[in-house]
Every structure is written in structure tokens, then in C-alpha cells.
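Just so it is clear, A, B and C label the chains in written order, and each chain counts residues from 1 on its own.
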Amino acid sequence: MRTLLEIRLLPALAVAAIVIVLPYFFPSAYYFRIGALVYIFALAVVGLNLLMGFAGQVSLGHAGFLGIGAYSVVIGPVYFGLPSWLCVFVGATVSGAVAFLVGRPILRLKGHYLAVATLGFGLLVAIVLTNEAGWTGGPDGMSVPRLALFNWQVRGSDAWYWIAGTTLVGGFVLALNLMESPTGRALQAIHDSEIAALVLGIDVARKKLTIFVISAMYASVAGSYLALFNGHVTPDVAGFLRSIELVAMVVLGGMGSIVGSLVGAAVLVVLPQVLTIFHEYEQTLLGLILMVFMIFLRRGIVPSLAATFAGRRR
Amino acid sequence: MAELLQFVFSGLTVGAIYALVALGFTLIYKASDIINFAQGEFVMLGGMTTVFVTLAGVPLPIAALIAIIATTAIGLALHRLAIEPARGASPVALIMITIGASIFLRGFAQIIFDRRFHSLPPLFGSDPIKLGGAAILPQSLVVLASAVVIVTLLWLFIDRTLLGKAVLATAANRLAARLIGIDTRRIVDFSFAVSAAIGAVAGVLITPIALTSYDVGILLALKGFAAAMLGGIGSALGAVVGGLLIGLFEAFAAGYLSSNYKDAIAFLIILIVLVSIPHGLFGRAKIERV
Amino acid sequence: MRPLQRFTVTALIGLLALLTAENFAFAQIKIGSVLSVSGPASFLGDPEKRTLEIYVDEINAKGGVNGQKLQLIVYDDGGSADNARTFASRLVEEDKIVAMVGGSTTGSTLAMIPVFEEAKIPFISLAGAIQIIQPVRSWVFKTPHTDKMACEKIFADLKARNLTTIALISGTDAFGKSMRDQCVAVAPNAGINIAIEESYGPRDSDMTPQLTNIRNKAGVLAVVNPGFGQGPAIVTRNYRQLGIALPLYQSHGVASKQFIELAGPAAEGVRLPAAALLIADKLPANDPQKPVVVDYSRTYQQKTGQAVSTFGGHAYDGLMILVQAMQRAKSADKARVRDEVERTKGYIGTGGIVNMSSTDHMGLDLSAFHMLEIKGGDWTLVPGT
């Protein structure tokens, strides 16, 4: 039994090791910032991966939940005087509730139709955030009050690096446990064949809704962290391009691969930074690299590489 | 009454634009089950190339032709260089490739064109046609007419020609199609080329109304995709109806409800429609194999 | 070592030396810039980037500042405030800049301010909203006119023409929204009544429903359109399409001759507040701004082949104010440069004549704006403004 446990949580341990070891190589606070951003996005991507990779439901509007989480840590403290850390939980609850309400009708749709429905949801959130300037500060956004824990004002990229890293490890543990639980197995059954799952007596609609809610909460926490870290939030945190970015991270890293979530996030956060040396050609190269990755590592980076090594070992 | 008519005209103007873009999604989907998110960039390339070629002194009709041919070539290249090599990948991976292609083409456009926005002269002048107290631009009618023409041509093609049947066969079951001797690779080549051409034509016709710039593709692809889904993906008629409906929803929302929330209202209606009619207005339910 | 190997090693060392030589030869003054070159605000960021590059090269060709060459480091935030924040951090930690001219949008500026305040680096912003300099932050300055000033200028002209009941149609982008908010706030004091408000998305292609509602509203005497980019051009065209005869006012976000080309005959009679840059050639010979704006217009047009834009002009002003402050301070020391920027007096730029102080980190007043009217396909100055 102990061996099984070790293997199951191995990815989480690996991530923990990475989080602890990397800072030794960081020459400046800028690298801590990049690291923190990678972990924050990876958290959202883990949630989306549960939805897309395991349950097989595509969501083109997931940044909407990122936005709900991000704005709850502004609206809560500024208008209601709530402490920021509490608002992270409030945001996650609100996101979960919204996901529950929206998910019930939408998740009946299949394939591209579900994609459009989630797209519409994401756009709706972004539009509301842009227009309700009285609450949200409108298109220019609002400044976010700093997170205060036990009288300590959390500021600085290194503090957030550790917070994001720890939360990511926790998120990994949760996701890995979920995948081995009855719900996780049910989800994989649904992914493989929905009809067979139904025949087996699995409440497909309910399981899909559960995972939708969970993935929304992951994204919400990530959004809250993003807002607290940046100190400023604008409506394009919930925008269409953000949603596409999240989906790209999932697909690039490998759908259904929890470790791939970290890899996908790392690639799409670090690559634009690296490509700035090419100035005018940044976007062209980004598009090219994306295409090349998907053509040659079509199952995503982690699964494709794992398959290559598994093949070689024999 | 006059204002209702004006709202209808506005809705048809904008809706015709969405309809043309949505048509581009349809053919590629019909032949290969792929949603091509670079479709918006085909529209952009059609418009921008025409603008820059006319700026170089070439007369408009020839510039438009050059733009359409160039865009068609790019569509073909997209299939041969990016989609074909990834044949067998999951649908999501293929969509990601088209997204990568759209980013690539946008970056490319920034370099060879510029980042400003441009216009083209309308085909029949810019004086509006007055009808019942409302005004519509002649170019809007051109866009509407071309949507109808393209739908008709597509329908005739799919229904009446052997090549069209081959496209349907490829979409239904690729392996079976190859077994009876259809060169499926050529079929998908063809669908990409024609979709690119449709996109380019759309770009040339839309620009006199909506202007063009290197990033018009993003929003157009979004709305076009939504329109295609609303109408039922795979149905050309559905694409046009979907596009017109979205345009009308937006116009009525802006006119009667709230101009701030017009896009939100339009999308809300799309959501409600899809939840009630899961396969879109003219879509056919896909038979799930167990 | 064999001769070929020796040659390769020497060549590689030589190459390495060449690549690093630029950095080691003479210490350069590093100026950072985060601009929205691509994305929804590229209408702002693209001319800004071109201007900065052109003029940094010109200054370096003339010997640099205080005997040192300038090194310009530009990052493109794509219109996203989050990206801007990351690049700001990179400029401070990695590139070790001494001053910053940038921030095309208010959102990206506000996101970056904490970074530069904490690093104590003078930051000259190129964005419009008044919150950037009010409350005054010691390290933050800006060159563009505030949108509040644009509203005040428009309202003054409306009042003079007795058009006191108006309609607003604004873009829902940050620029349009910010200016709309300022106009609403300023209207009562200026004696203007806003009877109806409509809005449109910045990439919309048809605004006739909104304009129809405006046309049908009783009592409206004029229409004001806060917005930037292509939206105002389409609004203007739709205006003509619907045959609306009321006076139309655009905003300073329209900022370039391209607007007239795109709006076509519909642009006749449209008025807008603009800096002297747009009417460079038509300024009276004794206008102190004339030499500066004529020279900038010509240089920009020559080097880029594009019509001059006021946003590029803001970048020009930002760079020149910074450079002149460095020259006065006779050093690139951040604190001293900041002090000198604050002491900028009588700087004649494309936006106007700048007089900064410890309570005013922008330095422009209403006289920096002129009211322009489009006649015969070109800008003309409305007399007395």
C-alpha cells in the first residue's frame, strides 16, 4: 500500500522539489516573479486539465473564473472591508456557485457547442467586469490592497513565489487524489465513453458538474493570487485571449497530465519573455513554436516525451 | 417604425459580415471536422493585402484578385504544412495548431503590413440608400448578396457535384472514403483553399464598412464561430442565418436595451438557444457510436 | 591545437567580445519603455515606439547625453496591464534602467507605478487619465493632456456656440470610458446638460442603432464622441449615413490625419480639441511651438512614411523632458534626474508648453489645446481657441 501512495503523489513531490530548488538559480527578483506567475497559472491549468483532460469537456471561457477570483480580492476589501485572505475563499465559493448554476444547463451540450457556450460565459463575465465600473473600476481596473497575514504585509516576488509554489503543491495533491478516487475513475470512464458510463450507472451529469465546479475553484484561487500579486487588476484577466492562453497551456503540457499543467504554464509564461529579444518577430515566432510543438508533440509535451522514453527503454 | 427599420438595417449589415466569416468555418469543418481559428486571419489577409497592393498603385479589382489568390495559397499552405503533418492528433490539438497559425499570421501581418487601420472604397459609392426613414449603405447589400450567392454555390456544389459528394464522404468516414478511391488529402486541401478564398472575399467586401487592420481577425473569428455554431456547424445555411441573427440581436439590444451590454445580450441569447436546441438551428445530431 | 580549431576559437572569442563590447566600451544610460505596440492599444503604442527609436538614434548621433550614449530598451505589453507589470519588473531588476518613459494606457501605467515608486526610478507616463498624477506621486510624471482638459475644452466651445444640451457616444475601451467619466463629472460646472448617453465596442462596425436613439432624443443640440482608433471614424461615417445635421465633436484620441481619410466626406465640420502638432504648418509664424512641431512632423513622416500622431508626440515630449533633465542634472543619477524633471519649466514640446512643479507633474494647462475643425479635408484652427 505504501508503494502505491508514493507513486501516486510522486508528481506533487517532484513539483515540491522544483519549487524548493529553483530559487538557488535565481539571480534577481524578476525570476522569482516569473516563477510565481508560472505557479499561479499552473494552478488554474491543473483545474482546467481536470475538466478538459480527464472529463473531456472543453472550456473556452475559463478565464471568467480567473476574473471572478481576481475581482473578489478587490471588491471584498474595498467595498466590504473584508480581509484579503478571506476573500480568496469567498471568491472560490462564488466561482463554485456560478459554475454550478451555469454548468447545469451548459454541460448538456457536446463538443464544439459546449465550447461556444463556455466562450459565451467567459465573454459575459468580461463584459460585466468592464461595464460595472462602479464596482470594478471599469476598463482601467482597480488597485488591489495588499494581502495582510497576521500583521505581515505580503509584498515582493519572493514571498509570492513561496505562497504560489506551496498552493500549487497542495493543488497537485488534491488533483492526484481526486484522480484515484471513485469520482476520478468515473470521470475517466465518462471521457472514454459516456454511454458506457451511463450504462454502468454513473451519474454522468452530476460528475461533470462536480468537476466543472472544482476546476472553477482552482481558477478562482489562481485569479485571486494574480490580483494580489500584481497589486492591480483589469477586466482582461477574464478576457477571451486569457481563456485561449489557459487552453493552450493545457494542450501544450498534455491533456490529462497533471505534471503537464506545470510544463504548459512554464512554456507559455517564459516563452514570451524569452522571445522579446526578437522584437518585431515575437508574435510570429510564438505562433510558429506553438504550431511546431503541436505537430511534433501532439499529445502534449509530457505525454509525448513519456511515450518516447517508454519506447526507448524497451 | 423608422427606427425599427434602422435597427434591422444595422443588424443585417453587421450580421452579413458575421455570416461571411461563419461560412468559412463551415467548409473546413464539413471536410475534416476541424474548427479553423485562423479563419479570421484569412479575412484580414484578404482586406489588408488588397489595401496594400492598391497603395502600390494596382487598380482595385486586380488587387482584390491578387489578395484572394495569395490568401488561398496561404490556406493551402496551412493545411499542407501544419494540419497534414499532424493528422491523427486529437481535435483539440488540431484546434491549437490553427490557433498557433492565427497568432503566426497576425505577427506576420504586423511586419509586412503595419499596425494602423485602413479602408477600401465601396463598390457602389458611399451614399446611403434611404428606405422608409432609415438608411442603409449599398455596400451592406453587397455583403448580404455575396453571402447568399456563396451559400447557394456551396449548396449546389455539395449537392450536385461529384466533388461535393466526395467532401461529404470524407467528412462522414475518412477511411471509408479512401477505400472507395477518394483522395482525402486533396479533398481537405480543396476545402482549406476554398474557405481561405471565401475569407478573402469577405475581407475585401467587408473592409469598406468595417475597416481593416492586422488584428480584425480575432473578434471576427469569435463572432463567426459563434454564428456557425448557432446555425448548426456543418450547415452553410445555418452559418448565414446564425450570422444574421447575431447581428440583429446586437442591433436590437443596442437600440432598445443597453448599448453597453449589447454583446452580452447577444451571447446570452445564443446560450439560451443552444441549451434549448443543442445542435444549433440547422445542425444535425451526430450519431454517437457506442 | 589544429589551425582550424584555433581559428574557430579565436573567431568565437572575437564574436563574444564584439557582442559584449557595446556594453563595456562606454557605460550607457539605459532608458526603459513598456509600450502597447501590439494589441488593442497599438494605435497608441506603435507611434510611441517609432518616435522613441527615431529620437534616441538622433540624440546618440549627436553625441548622446552628458557624453554618454542612450540605450533604449522597449518591451511590448500587448495592451495587457499584467504583462506591463512583469516587464516593468524586468526593466528594474534585469536591465537596470535609470529612467522610464512609457505606459501607453492608464491601466498599464497604474499597474507599473508601484514598481517604479519602490525602485525610485523616474517614470514619465504616456497615458491620459488624471489619476496618474492626482494624487501626486514623487516619481511619476506624465506628458499627455488629461482627458479632463479635453472635456473642458470641448464644453467651453459648446458653451460659446450655445449648444448646451448634448449627447455622448463613447467607446467602451479604457480611453473612451475614462474621458466619458470626466465629461460627465465636468459637465454641470461647465453648464452643459448631457441628455442621452450611448456606447459602442471599440471594434464594432456599425453604430447606427445608437445614433438613431440619439437622433430621436428631443432637445439634443450637439454630439460628443469620446473614443480612439477606428471607432470614431465609423461613428462619423454613420453620422453622415443617417443624415444627422447636429455638430459633432470628436476627442483628442482621434489624433491623426488618418481619421480624415477614413471618415471621408463625413468628416466635414467635425471639431475636436488637439495639440498644436496636428496643425503644425498652419500655426502662426510667431507661435513658440511651431519650430518644434514642424520639425517633429517632418522627421516622423520622413522616417516612417506615416502621418504624424499626437501619441507619438507625447513620447517625443517624454523623452526630451527626460533628456533635458539629465543634461541639467549633469548626471544620470535617478534622484537628481527626478528633481530636474520636476523642475521642468518652459519646455516647448508637441503637446504644449510644460511647466512642472511639485504639485503638478504634468505641467500643461488648457492653452495647450486648440480647437480644430475639419474643412476641405484638412485641419483648420477655430479662431480664438
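Here is the rule we go by: a contact is a pair of C-beta atoms (placed from the backbone, for glycine too) under 8 Å apart; a residue touches a chain by one contact, two chains touch by 3 or more.
Since this is a predicted model, take the numbers as computed values, not measurements.
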Label of the chain whose CA centroid is most distant from the centroid of chain B: C
Any idea whether B-C or A-C has more C-beta pairs in contact? B-C
For chain A and chain B, let me know how many angstrom lie between their CA-based centres, rounded off. 31
Chain A and chain C: spacing of chain centres that average the CA atoms, whole Å: 35
Going through chain C residue by residue, note those that touch at least 2 other chains and give them in order. 38, 172
In chain A, which residues are in touch with two or more of the other chains? 131, 282-283
Specify, in ascending order, the residues of chain B that touch 2 or more different other chains. 110, 260, 263
Residues of chain A defined as touching chain B within the complex: 52, 58, 105-106, 108-113, 115-117, 119-121, 123-124, 127-128, 131, 193-196, 240-241, 244, 247-248, 251-252, 255, 280-291, 293-295, 298-300
Within their complex, state which residues of chain C touch chain A. 38, 74-76, 79-83, 85-86, 89-90, 92-94, 105-107, 110-111, 114, 129, 131, 172-174, 177-178, 181
Enumerate the contact residues on chain B facing chain C in the complex. 3, 6-7, 9-10, 13-14, 17, 110, 114-119, 126, 128, 135, 137, 206, 209-211, 213, 215-216, 219, 251-252, 254-255, 259-260, 262-263
In their complex, what parts of chain C are in touch with chain B? 37-40, 42-43, 46, 172, 198-201, 203-206, 208-210, 212-213, 216, 229-230, 233-234, 237, 240-243, 258, 261-262, 264-265, 306
Can you list the residues on chain A that touch chain C in the complex? 28-30, 33-34, 37, 130-131, 133, 138-141, 143, 157, 226, 230-232, 234, 236-237, 272-273, 276, 279, 282-283
